[in-house]
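What follows is a set of structures to go through.
Next, two complexes with subunit A in common: one pairs it with subunit B, the other with subunit C.
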Partner chain A sequence: MRIPGLGNAADNPQHGTPGDDPEHHPRARDGRAPNVMRIGEWVPMRQHRDEDEVDFAIVGTGAGGGTLACRLAEYGFSVVAFDAGPYFRPLEDFASDESHQSKLYWTDERIVDGENPLQMGSNNSGKAVGGSTVHYAMVALRFRPEWFKARTLMGYGADWPIDWREMWHYYDQVEDDLKISGPVSYPWGPHRRRYHRRAHEVNAAAKVLARGAEAMGIDWTPTPLATISAPRGDAPPCVYRGFCTLGCSTNAKQSVLVTYLPRALKAGAEIRDLAMVGRIETRNGRATGVHYHREGRWRFQRAKNVVVAGYAIETPRLLLMSANQEFPDGLANSSGLVGKNLMVQGNQAVWGVFDEEIRSYKGPPSLAISEHWNYDDEGRGAFAKDFFGGYSYMSQGPLPQLWANTQASARGLWGEALVAEMQRYNHVAGLKVVSEYMPQERNRVTLSDVEDQYGLPVARITYSWCDNDKALNRHALKFLRQALEAAGGREVWDQSDDTCHLNGTARMGHDPRTSVVDADCRSWDIPNLWICDGSVFPTVGGVNPSLTVQAVALRTADRIFATRAT
Partner chain B sequence: MLPRKDLYPGYDVLAKRDGPSWNAKTRAVLDERLGLGPQTRRFFDEAEWSTLTALAERIVPQPADRSDPVPVAALVDDKLASGRQDGYRDAGMPDEREAWRRGLRALDAEARARFGACFHDLNAWAQDELLKLAEAGALTDPAWDGMPSTLFFKHRVLGDVTKAYYAHPTAWNEIGWGGPASPRGYVRMGFDRRDPWEAAEAKPDREAEAFAENLRVGD
Partner chain C sequence: MPTPSDRGPGSGSVLKRRVAPVRVEAAIHPVVVLAAVAAAAGLLTWFAAGRSKRLGPAPSEGRRYAPRGSAVTASAAQRLNHASSMLAASVLFDSGLEHYRGQFFNRVMYTPIIVSSITFASSLHGAGDTDPGSSRVRHAAQALAGLTGLIGFGYHAYNVGKREGGYSFQNLFYSAPIGAPMALTLAGLLGVVAERVRDANPQAPRLGGLPAGRVLALATAGMLAGTTLEAGLLHFRGAFQNPAMFVPVTLPPLAAALLVRAAGKPEGASQVGATWGMWAVSAMGIGGVAFHAYGVARMMGGFDNWRQNLIDGPPLPAPPSFSGVALGGLAALELLEHRPF
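Right after this comes the complex of A and B.
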């Protein structure tokens, strides 16, 4: 059986280029970049010299930087977007293999500490053109409107300086750009436009969530996902491989790599892969460009504006590493908040065994969701809420290595107990939260005295739960356990150590004393320095952050264009 | 605990290698992995290797009658030799390579101090006793040099050894996972639904049916 246009075409060895190794040699050079939609093909790419003062140097090509690069290029600005990672061709480079695909993750060394040290790498950090969207689970959710005024309306965290109705407008645009597949009607929040593709079929693991939600008397729905359920251009509908968090080898996944970046190139943006930015230069209070390492040497790109979009570890790391005589505490740090208020989200789970075969490895991992506890502020009886914030929860589809590591590290199984339990893999289903943890200044990113392969200081990441986080954890695990048991789960156990996503180390706000950037993501201290990624979140909400990062990126581009010097 | 059994009789995920579930990249990656033999050693020295081999057998024990066991130690060695890291380490831990070398040396030192023999010469009971102490953080021989034995056990031993074993097609067969799926993916998604290219589970007294089905997954 041959399926033209899909990975099987990669069987043809004549497409291989001798010496082509995206992890060691840049692909975006010589006036061209990979056409990620076609095997062996290229698209033309405009290129700039280091000495050209480009309009925007953007550090990072993920949900924030890649989306912004596209929109700015389409506005006619000259743009160079840097990424430390490789420029992958999914149709040719992506294997169906957990170990191999760890090449998508940021696995440079980082040091973790605090009372609840974070697990980094595969869990939350991408290192590839397209950033973490290349390996994300594609869950495309909007914030609850009240969260943008969390302090004023709900009594916790901090207010965003952006009105929810404006965000709603940008969510519409991102959902259109990614052709989100979602349900006919979404059960929570204000009216939203219909989704662009039909919802995906729910697998057995998702049906477990549905059973449990119905037994508990709450709503559930097929999850809105950024993987298409009907063709789009060269991209085929999702074939339910189930390797989503390891990279999509068919391009059904609407990552930044296959959506905004091809548009960015077409509009004249330049993308530099395997280009690690180590320092932003400033002069007379303004950014003048970036020092970056590529092809074995350090270089300097001049720029009229610099945007940092490295996600909530690398962004503060770069700002702190760029400390100089003008800004001895790091760039954009007059508030002292760069690196502080690091927020992850809870990613705790309950798992159980079912009589039926579940085989949760088939299909996207999170095909069903309930956002009930993001919208019910009170709760009742045993589930009365005694904490601020909320959580969503989704069905799961761990592949064998991840599942074995979970059984060993989170449940403590090894030896015969482990290998025997692993044989029940096809009968397991779980429910996992994305929950809202509070911003705390003690949770932070600092520079360690260890050096990485570029000679740059490694990030130290300090994280501890507060009492509110712990109360939320208890509520979530208790509710999920009851829901899973109601769905028929036996021998239910709690996975209580996991977290996901990274946000908040350069928060936006109304006041330069209590925030790093303004509503337009422009730093208060340096007028031509911008930050555009999850770092700017003042609060994190109980949903996956990528759609909000992308909506903020589109808004930032519009604000840059609207406020440009003419 | 239910004993391990032959739950997917006759299932061999490699039977799908040349079909529409494996693209060229997947074949190349798995060919390389399957090329690692039980003695493929690039990173560890001989003493460390002996300890690691014994340790792996306690973490992911394999059936004694398995003709071609998963080369777990070689897979761990390969990870360290090729420099693939997890991307983070606890502030109390050295980097991955140093943690492994030091941890294996320390386990061996503990074995000699407590039982008067090298770790790999101990019987399974004694090896497990030591590993339980490591798990609990109760091993403090000077050879640990400040590295908490509990973090070594949890972050390095459990993480790296389980991921090594479950990266191998033999382990996939044992748990009935569909394996690589590029580009074909799957069709039947609901409860108790199985595509013909997935492993068939042996139901009580119907092992022959599953066996027959499993011989056809590569068709």
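Right after this comes the complex of A and C.
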């Protein structure tokens, strides 16, 4: 028997599924956009003609672009935000199926090389309105204040041109906007305002982390997450479905798609889905608009200002693709740093088998965290720190297909061995780091000779670890292994090659010679060209970057508004 | 090869025909069994307590009480039984719901359901009894409830403390609610007091050697404070996301303060303010059910998905425990004013 209203449209044939195909036909058109909070409903959307010169053309609607579009529209600017991906309705379009949900990933062709080629797609880039926040793990952490002066205070990387106290203010704001569910008091760093929702109940996998941390004598806490633990408007509290990294079908997840973008639409912004921007036009040293591909043809949107927010691969790619006679090396590239200093974060893990049932897939994947090694610069004994930077580590909840993939790729299990290992799936728990890798100019994004479906050059992504990165990896794996064993894990094994998140490639700074944009995310070379996403990070820190991307976007909006006369 | 059962009835005269014993198998949900047991325990208590006595001449032992005095104690005792009934019912449904949610992981978790049913029956019985003079069965049942609540508190406190992180907010939020079993203790306490008041001297009722009205007023004020702490903790867990969630942490303490003030007034003085306070808290407890129902509707799937949301949403039976305590407060005010209302 099926109880009416249970689940969502994808689970319940009574509701039916939407008849349109968001992956091939734009939804945001004819003066309306999907109301992502209600099945089958729409909200009105203000629209602009291509020949109208809008105040802001924003390329990308993720953590950077979507957040910025909302705030700029609320400040009264006319805004058009472009996204190459579809405008999904989470309540209707998202299935409980790992393979199907890979539609959220940016799986366009990319070329990877270097000593440690990155795995692109699922874990680090999204192609949907709302960007990769639609499938992110919702981990909402603040940077350690010292990281904003990493070069001066800690002796590595580069300084940010923004003071941490200012960032603290914007962190407050974004945590309020997303109603982050976090612990009553956070064990690390300076005082912060209380989270707006209480932390979620921790699952068995998180309790493994807790037991390990307590045995190792370090602090742990329930992870601050961007999924609500008490209702908010039309969004119900999280029901611990566990498909967070494949799209939340209940809207408990506070992605940009269901938070800032509805606000943006209400404030008069226009969102164009399935609109791939291929080139930024300039004249007399200023950007004049963007060329974009939508509904089968290339069009040109005039704009007074252009914001690039395509994340750390597509942003440099677009800037480099837009090279013209005025800017032969690509836009905003007088420093030669566009595409350089690509930073990912370490995502190594240790896994073990437990006597008791764990069922780690229940609930959000990362329910407990320890940031100890982000704040302890010395370490002791076997865990004395011999590297710069730090790391946090979290409990994990891999879904079955991902877990089988991990077994096959990281451990080479196949056939009967793989089947046997999968039998123990419910008894497995793991700890996974998010660690700080160093910025290196040799890690970069360039253009290749290969063309994609739009006829645009495909990005070539070159990545290699430096010695510091490798030393950090060793420390993290050693510590995690001991923590997992202390929590009762048996047959512990290391997953040593995973990475996550993309940052750098258009860093901000004080000096036009050593950075691409200033503290306001305005490019040094072109006064009406802005970059607002993870690309602007000078250093990456040992925490998930989304909250910082969004805080920077809120600050950028305030700065644009404050300096609008100039 | 044909087996014996394949043969026709006549062919196997040597073999005695075997008939399997009749086995009665009915699919009865364990929860139904539990409900039946709880109901039976309640009914047994009801019958054991005997026939309710109507107000008549008091069993004469040479003394005659003035009618007004005995009317006050009888009315207060009945009101205390109303309070205890309300609390016991709240515990019955709330512990049923929450322990079902906990899948009766520990068999001890059946206890409060049966005990609160007994308490409920005994309190209802008392509520219909206008006779001065206590009932031993009811008295014992109420004492049992008080004790059960205390033991439950011990279990819940152990459950919170044994988890990773110990007595942290996280565990206070999500493991066994530490204050919840005390509601059963309160039900039992109020029920015991009801019996004691029935036995007390109607002219100057005393509890434990102290004036009954004062003691009861202070006690119910303390109970209100405790219930407020419990509601406060769980509403804090809900991040006070709806402003109405502040009502049960502000109104009851105010009313409790009025009760304390009432206890300080001379006997027989008017207690209008405190009385209104108690009625307000009673109403809040009932209104809270509606607010909790709204909260259930806001969970994913709302009431369409009631099987999940009644369990995981705000508990519908919880708010009336405030009403129960407030009714106890009204009984105290009756004794203080020395007139039934």
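The rule is simple: the second predicted complex is superposed on the first by the 546 of 566 C-alpha atoms of A that agree within 3 Å, B and C clash if a C-alpha of one lies under 4 Å from a C-alpha of the other, contacts with A are read in each partner's own complex, and residues count from 1 in each chain.
Here is the rule we use: a residue touches a chain if its C-beta (ideal position, glycine included) is under 8 Å from a C-beta of that chain, and two chains touch if they have at least 3 such contacts.
Small disclaimer: the values here were computed from a predicted structure and weren't measured.
Partners subunit B and subunit C, brought together by superposition on subunit A, fit side by side with no clash. Once the two complexes are laid over each other on the shared chain, residue contacts for A:Q396 go to neither subunit B nor subunit C.
Once the two complexes are laid over each other on the shared chain, residue contacts for A:T505 go to neither subunit B nor subunit C. With both structures placed on the common chain, the touch criterion links A:W106 to subunit B but leaves subunit C unconnected. More residues of subunit A are touched by B (comparison of subunit B with subunit C).
When the two complexes are overlaid on their common chain A, residue A:E356 makes contact with subunit B while staying clear of subunit C.
By the document's definition of touching, neither partner reaches A:S322: not subunit B, not subunit C.
Touch criterion met: A:T250 reaches subunit B and subunit C at once. In the superposed pair of complexes, A:T539 makes contact with neither subunit B nor subunit C. Contacts of A:S515 after superposition: neither subunit B nor subunit C is touched. In the superposition on chain A, contact is made by A:V239 with both subunit B and subunit C.
Put simply, the nearest alpha carbons of subunit B and subunit C end up 7 Å apart when the two models share chain A. Residues 3, 6-7, 201-202, 207, 239, 250 of subunit A lie at the contact with subunit B in one complex and at the contact with subunit C in the other.
The touching residues of subunit C, counted against subunit A in their complex, run 163-165, 169-170, 173-174, 236-239, 241, 295, 298-302, 304-308, 312. Those residues of subunit A that touch subunit C in the complex are listed here as 3-7, 183-184, 196-199, 201-202, 207, 210-211, 214, 220, 222, 229-232, 236-237, 239, 250, 252.
On subunit B, the positions that touch subunit A within their shared complex are 1-5, 7, 19-26, 28-30, 33, 58-61, 84-92, 95, 128, 131, 135, 154-155, 158-159, 162-163, 165-167, 171-172, 174-194, 198-199, 201.
Taken together, the subunit A residues at the contact with subunit B in this complex read 1-3, 6-8, 10-11, 13, 92-100, 102, 105-113, 117-122, 125, 201-204, 207, 238-243, 249-250, 356-359, 361-363, 399-401, 403-405, 407-409, 412, 414-426, 460-461.
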